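Order of writing sets the labels: A, B, C, D, E and F. Residues in every chain begin at 1.
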Amino acid sequence: MPAGELRYPSPVSSPPPSQATETPVVVEEDEAWVWAQIKAEARRDAESEPALASYLYSTILSHSSLERSLSFHLGNKLCSSTLLSTLLYDLFLNTFSSDPSLRAAAVADLRAARVRDPACVSFSHCLLNYKGFLACQAHRVAHKLWNQSRRPLALALHSRISDVFAVDIHPAAKIGKGILFDHATGVVIGETAVVGNNVSILHHVTLGGTGKACGDRHPKIGDGVLIGAGATILGNVKIGAGAKIGAGSVVLIDVPPRTTAVGNPARLVGGKEKPSRHEECPGESMDHTSFISEWSDYII
Amino acid sequence: MPAGELRYPSPVSSPPPSQATETPVVVEEDEAWVWAQIKAEARRDAESEPALASYLYSTILSHSSLERSLSFHLGNKLCSSTLLSTLLYDLFLNTFSSDPSLRAAAVADLRAARVRDPACVSFSHCLLNYKGFLACQAHRVAHKLWNQSRRPLALALHSRISDVFAVDIHPAAKIGKGILFDHATGVVIGETAVVGNNVSILHHVTLGGTGKACGDRHPKIGDGVLIGAGATILGNVKIGAGAKIGAGSVVLIDVPPRTTAVGNPARLVGGKEKPSRHEECPGESMDHTSFISEWSDYII
Amino acid sequence: MPAGELRYPSPVSSPPPSQATETPVVVEEDEAWVWAQIKAEARRDAESEPALASYLYSTILSHSSLERSLSFHLGNKLCSSTLLSTLLYDLFLNTFSSDPSLRAAAVADLRAARVRDPACVSFSHCLLNYKGFLACQAHRVAHKLWNQSRRPLALALHSRISDVFAVDIHPAAKIGKGILFDHATGVVIGETAVVGNNVSILHHVTLGGTGKACGDRHPKIGDGVLIGAGATILGNVKIGAGAKIGAGSVVLIDVPPRTTAVGNPARLVGGKEKPSRHEECPGESMDHTSFISEWSDYII
Amino acid sequence: MPAGELRYPSPVSSPPPSQATETPVVVEEDEAWVWAQIKAEARRDAESEPALASYLYSTILSHSSLERSLSFHLGNKLCSSTLLSTLLYDLFLNTFSSDPSLRAAAVADLRAARVRDPACVSFSHCLLNYKGFLACQAHRVAHKLWNQSRRPLALALHSRISDVFAVDIHPAAKIGKGILFDHATGVVIGETAVVGNNVSILHHVTLGGTGKACGDRHPKIGDGVLIGAGATILGNVKIGAGAKIGAGSVVLIDVPPRTTAVGNPARLVGGKEKPSRHEECPGESMDHTSFISEWSDYII
Amino acid sequence: MPAGELRYPSPVSSPPPSQATETPVVVEEDEAWVWAQIKAEARRDAESEPALASYLYSTILSHSSLERSLSFHLGNKLCSSTLLSTLLYDLFLNTFSSDPSLRAAAVADLRAARVRDPACVSFSHCLLNYKGFLACQAHRVAHKLWNQSRRPLALALHSRISDVFAVDIHPAAKIGKGILFDHATGVVIGETAVVGNNVSILHHVTLGGTGKACGDRHPKIGDGVLIGAGATILGNVKIGAGAKIGAGSVVLIDVPPRTTAVGNPARLVGGKEKPSRHEECPGESMDHTSFISEWSDYII
Amino acid sequence: MPAGELRYPSPVSSPPPSQATETPVVVEEDEAWVWAQIKAEARRDAESEPALASYLYSTILSHSSLERSLSFHLGNKLCSSTLLSTLLYDLFLNTFSSDPSLRAAAVADLRAARVRDPACVSFSHCLLNYKGFLACQAHRVAHKLWNQSRRPLALALHSRISDVFAVDIHPAAKIGKGILFDHATGVVIGETAVVGNNVSILHHVTLGGTGKACGDRHPKIGDGVLIGAGATILGNVKIGAGAKIGAGSVVLIDVPPRTTAVGNPARLVGGKEKPSRHEECPGESMDHTSFISEWSDYII
């Protein structure tokens, strides 16, 4: 199936022009297109549901851009009595306005949810309601602050994200784009973890440290990886591009590209020596369970 | 032990008349009886603890019915700066007032917590403090909205429940009554999941999809099932009535009625061919660990 | 490595006098020393980051003691529209002021985070941002209320902690000091559980009941134990001092001191009969994964 | 100018049927007509001003009736951290729903503002923004509670109205309908005061007591009276129908119908013995200053 | 009428022992007696009005002393998003706890309202609902801060009092005890003003400066003075003990003891040379209007 | 006294360069100089008063410009549960940022308070605490919206200003710069009123309409006018430059430049035909009472 179709499935009308190369202009057009979709969705929902119209106007319809809408929504979600919404709004808006790559990543994440999650009925649904999406965008701002050596502020933001969304991503962790944190509750990602592009991570997933040392001690997740619910990956291990980690697995070893690791402790499907390799990209196809038959065989 | 006794254990005085058949009148009497208990408990607690009296009056003692108390409490718990408590209160009160089956389900859930959870010291404790109970009642309202095609509002409510209680039940999921979500943090239940009556579900339980398709892709849980902490059940599998799923299990297969599945990947205790069958209803007895000896045998 | 060094690692300057015996005077000096560190850290951060200065002044720098700062922070974090911050602040302040052992435990927990968690960059970072630390201090107040037979208030507090931090510790549970709840989201600790001193518990850990009875039904965790992420320990089992529980393990059996249990169901590394014993104290060294090679051997 | 035109000035289209007799049906139709106007105005404003749309939807457009909109708006305006919006909303909604005369009075007040105040550009402007209108509607609820012997609640509401709007009307005071409190800040009306219908009262007006006794000690204001800004009327005096009290006057004497009192102390224009009588109804014409020439003569 | 009866009018049962001399013990007993009355009143109201019970418990019944209740109530009334209730509560509680004279003044003010204002139905009504009483108590704390050279904090508190209650008393102004600010909206008292004991001041009263200089430029009000609604007294003038200022008067001159000044500009009743002297203490009798006949004569 | 000294009185050190002509560059330098003063004052206060430091950092010290500080402060002061602080902050910031004349007017108002009001101890005191200053700045934004035909938003803002500050200035009213609203409670300024530059207006002042018509019906106040407390000016009358209106006056006639009107009804001091003329500019000298001797003569 061509990528174009994958990205603009049937419920979404009028696909944008092809995006063979991601020039800045194309990225901006893409952002504008998604934002136009979001506004159209919100307008339709506000008309059909007056009880929600106020919410939709304040979060989406009164704003002139995705970055303003997102900054407003995050500011109001993450504020507390000691960290005011206006302060956070300002912080988010300044950061998103000045860094197009953060906006492009947000758009890629919106697309990821829309394409990969059958329960994601619209872009606006993701923007407003997906705690994984919101936690990830707020993390990107915290990460930027971290890299600017504004660490106390980055950690305060980190703490608010963990309190409000139960998603705990250390501000130093590097997260790619096109990420889907599905359900997201309980995700923990440590300081030296790296997550590639187009990765899908279910809830309760841990990318944890080994506790041994202060250095590089967390997993490195390749592009297109799928990590099932409740999987725990510990230590500075490599999960190769396109690999799949079964739900509930405890992974303490490297996992080669396009292979599947399952179980506690996790083993490679097909065996350590000659693991089975799959063709599709599980981070995008979200196929959690195709290894069942293989596994069943394996575990008999 | 007769059901009557099970339902009104010793600490709860003056049992109501037997409920052989659940006629509307009996259900209403039952609701009134539980509400009277709750008020009596709250009155006793307010007298013994002045620091809590304001809370107890605002949440329980100032209200004339269970539906008003519950609507007030949920409205104040789930509100945000963009979804006001008055709007939510109105929504909950209208829904609970117009649908006796929702109130009956709430009463059945209160009884379930009171009977099955030794830590549940009173009905009012459950009503005020059990995030699983509260998330479940709010879900029932979201589910009703979903079925009325008020989907954006149902999803907004879903999002608030997930933020506030870290309980993520898709509004389309069908949940029976007499449900105990014990501790509840991290529960995730997908769009096409079905949960029967008198089911007990511990925290961190996932009834997840397979990611393959948009259709019917989540588990179907029979009546009286007990699902242990951290269990992950994936795909359109059937967990038969009275089955028991061990803590931390990863279940990708059907589990026959009154059998026990444990492990990652989960296997039937007693073996796939002739699994052991238990007599009690684990969803009600909450016996998480009786399979230990068997399992120990099994895993030697 | 001498305890002194462990407790005051290099980034923390000017160690306090040795604490061979914990006399009240020494404990008070220790508290004063940590509080002085916290203030110095907050002052430095406020100067470097004006956007955070208001937050740091309101939570730390405007207060004359650790107990006031902590009471203020917990009161503002845990309040709701029906449980006002002033009420909670008063409750926390009265309890911390009148019970030096609670303050000493808080100091020990701050030290535990600072020493054991490489991501903990300062005492103030832990005080402000660690939901595990904050949940634990609030639990200690709830526990004291429980023991004073102020149970409805203890349970209301318990409920707020579970809502806000997604950490669910029954107020009757006994928790030692020098505890590190790392990440903390999803921790569940039941009514009759006991946790010793210097224990480290990762996120998603359950110390659960068996559901069989109302009596003593939860785990007893010895001093210096390390419990990995997502581990589930069920029933009135004993985890011996210095034992280590692997991430994702499901433990239904006693674990002898200084041994390691891993897997689902958990087995002792080295075998049931002659389990391997380690020398270090894993609750303090936080070594989650040293059993990997052994385990790999074991599971081949 | 015919009353019809006065009531439905040019900017307001499609006048309702004539209201020669105020039968319940007509009153209800009138309420419906005004509510339809308000919704149309709010819809137009929401379209032209997206920044205000959220506010307009939450206060007006999401509601199915004037009583719901008004109850929502008052509940949110008058709530405090110790008197929650949900409680007030409930109280207002129950009272307005069960008493059509309160709704009729609100409609008459809306019309009064729309007709008499050139600055009142729409019904919705008055409903949302006129503190005098809002204080008066909330007073009517407090007055009803007072008459039902729910005095502590009436006084608590009175206190909130005085804090929020700086309008202090004792809940026992009897206020007619078709009242315009213009600007309204600083209005004080005492316990035994009576205000007739179609009265216009400017800001800083006092209808005060004499302090001598506990009995009937406040002014009685006839129908159609106009009381200018800052006027102080003290004691159980009668201000006759259609009288006019000049701005800044201090009135300690009866004022005959259709006469004008001005000055400190107030004297009748035209002299005590044969005061000038005017024809128009000043409460409706709002003519504050027509007495100037007369006065100038008088005060030579 | 003997003072004792005046102070404990018929609705208030069981008068305390006579208070011939105000020794500290007697003052404390008096405080305890008034607090006991307040609790009894609140308990009675909470029983009769469940909708208000939560409010009464949070503001009065959950507190162990008048100073705690008052600090809680003021903290919640005066807080804002940038001045948190916990901070203000702490400030009020510390100040009231450490200074018995502030508590004695509060008690005297409560008695003043109860005795002088026929609309004051109970001590608790004044404590909870009288903005003049609350503004005055908060002013006393601001005044103490001012005298401790904590001027920025005193001015911030001053600003909150002016915003919330529309009562603007400069923190440097000296206010006696037994003060009744009746209705209170719009009262303005300047920096170098002094108000004696047992003074009654109606709403919209100004004790203003002359604008000429920075020095002592505001009025000095003697004991027992009554100042009517809307009176404006400007400059460093002396209003003698027991004097009465008519409503709406503009006073720019000294007023001798026990005389009455009325009008704009104010003149002494009876004439400048031999003003009439009254026997009663108007600040306590609250007789606003006894001068009417005299005035009428005067103004013929 | 040279203007320079008047503007930078002794407590304010290091005067900026002379401002003979108000070129944009000079205005910007002036704004920068005042902002630097405000930051220095706030820093000094934060150091001396830790309890206020959080407030000072959030309102002033964390901001990079006066317009940001003011927008933050107004947004938090004027927000409500239905008009969020983030929305208002955004509106204020956009307006102040894009219109230098609004910023220049704010600076002129700060200077006016600092120079004319002996109780104004610092620029930051005015910025944070003067409701008159804050209401005026918010009005200027409302006025701009009004002129942009964003009237519903202008009126919503107007309503919030009137609720929060008890200052009611119609958004259409034209207000000059260098305005001091002293105390400000109860000020009412109508739709077609015009206020010149360097005017001082005390509290409870009304610039009201006559009620006769919809057209131009409110007072026109010339430059440098001083209007005393409680004065009421009604109708389309002209108050000439440098005129003075006595406290409590009711003015229905034109007042020539540099004359004084006092009394109710107001008469010109010195008589209608040849009124006394004063030399100073009362709006700047704030001399409220120099007419006393004259008046006393007049009123004998």
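The rule is short, and it goes like this: a residue touches a chain if its C-beta (ideal position, glycine included) is under 8 Å from a C-beta of that chain, and two chains touch if they have at least 3 such contacts.
The model shown is predicted, which means the values in this text are computed figures rather than measured ones.
Contacts with chain A and chain F are shared by B, C, D, E. Among the remaining chains, those touching chain C as well as chain D are A, B, E, F. Listed candidates were C-D, B-F or B-D; the one reproducing the A-F interface, defined as more than half of contact pairs identical by residue number, is B-D. In this assembly, the C-alpha centroid of chain E lies 29 Å from the C-alpha centroid of chain F.
Chain B and chain E, compared by their mean Cα positions, are separated by 55 Å.
Those residues of chain E in touch with two or more other chains are numbered 51, 54-55, 58, 62, 76, 81-82, 84-85, 87, 166, 185-186, 204, 230, 248-249, 264.
Those residues of chain D whose C-beta lies close enough to touch chain E in the complex are 80-83, 87, 91, 150-153, 155-156, 158-159, 162-163, 166, 168, 170, 185-186, 188, 190-191, 204, 206, 208-214, 217, 230, 232, 234-235, 248-250, 252-253, 264-265, 267. For chain B in complex with chain F, the residues that touch the partner chain are 81-82, 84. Residues of chain C touching chain E in their complex: 54, 58, 62, 68, 72, 75-76, 82, 84-87, 89-90.
Of all residues in chain C, those touching chain A in their complex are 45, 48-49, 51-52, 54-56, 58-59, 73, 76-77, 79, 85, 116, 118-119, 121, 125, 128-131, 164-166, 183, 185-186, 202-204, 226, 228-230, 246-249, 262-264, 285-290, 292, 295-296, 299.
The touching residues of chain C, when paired with chain F in their complex, are 46, 50-51, 53-55, 57-58, 61-62.
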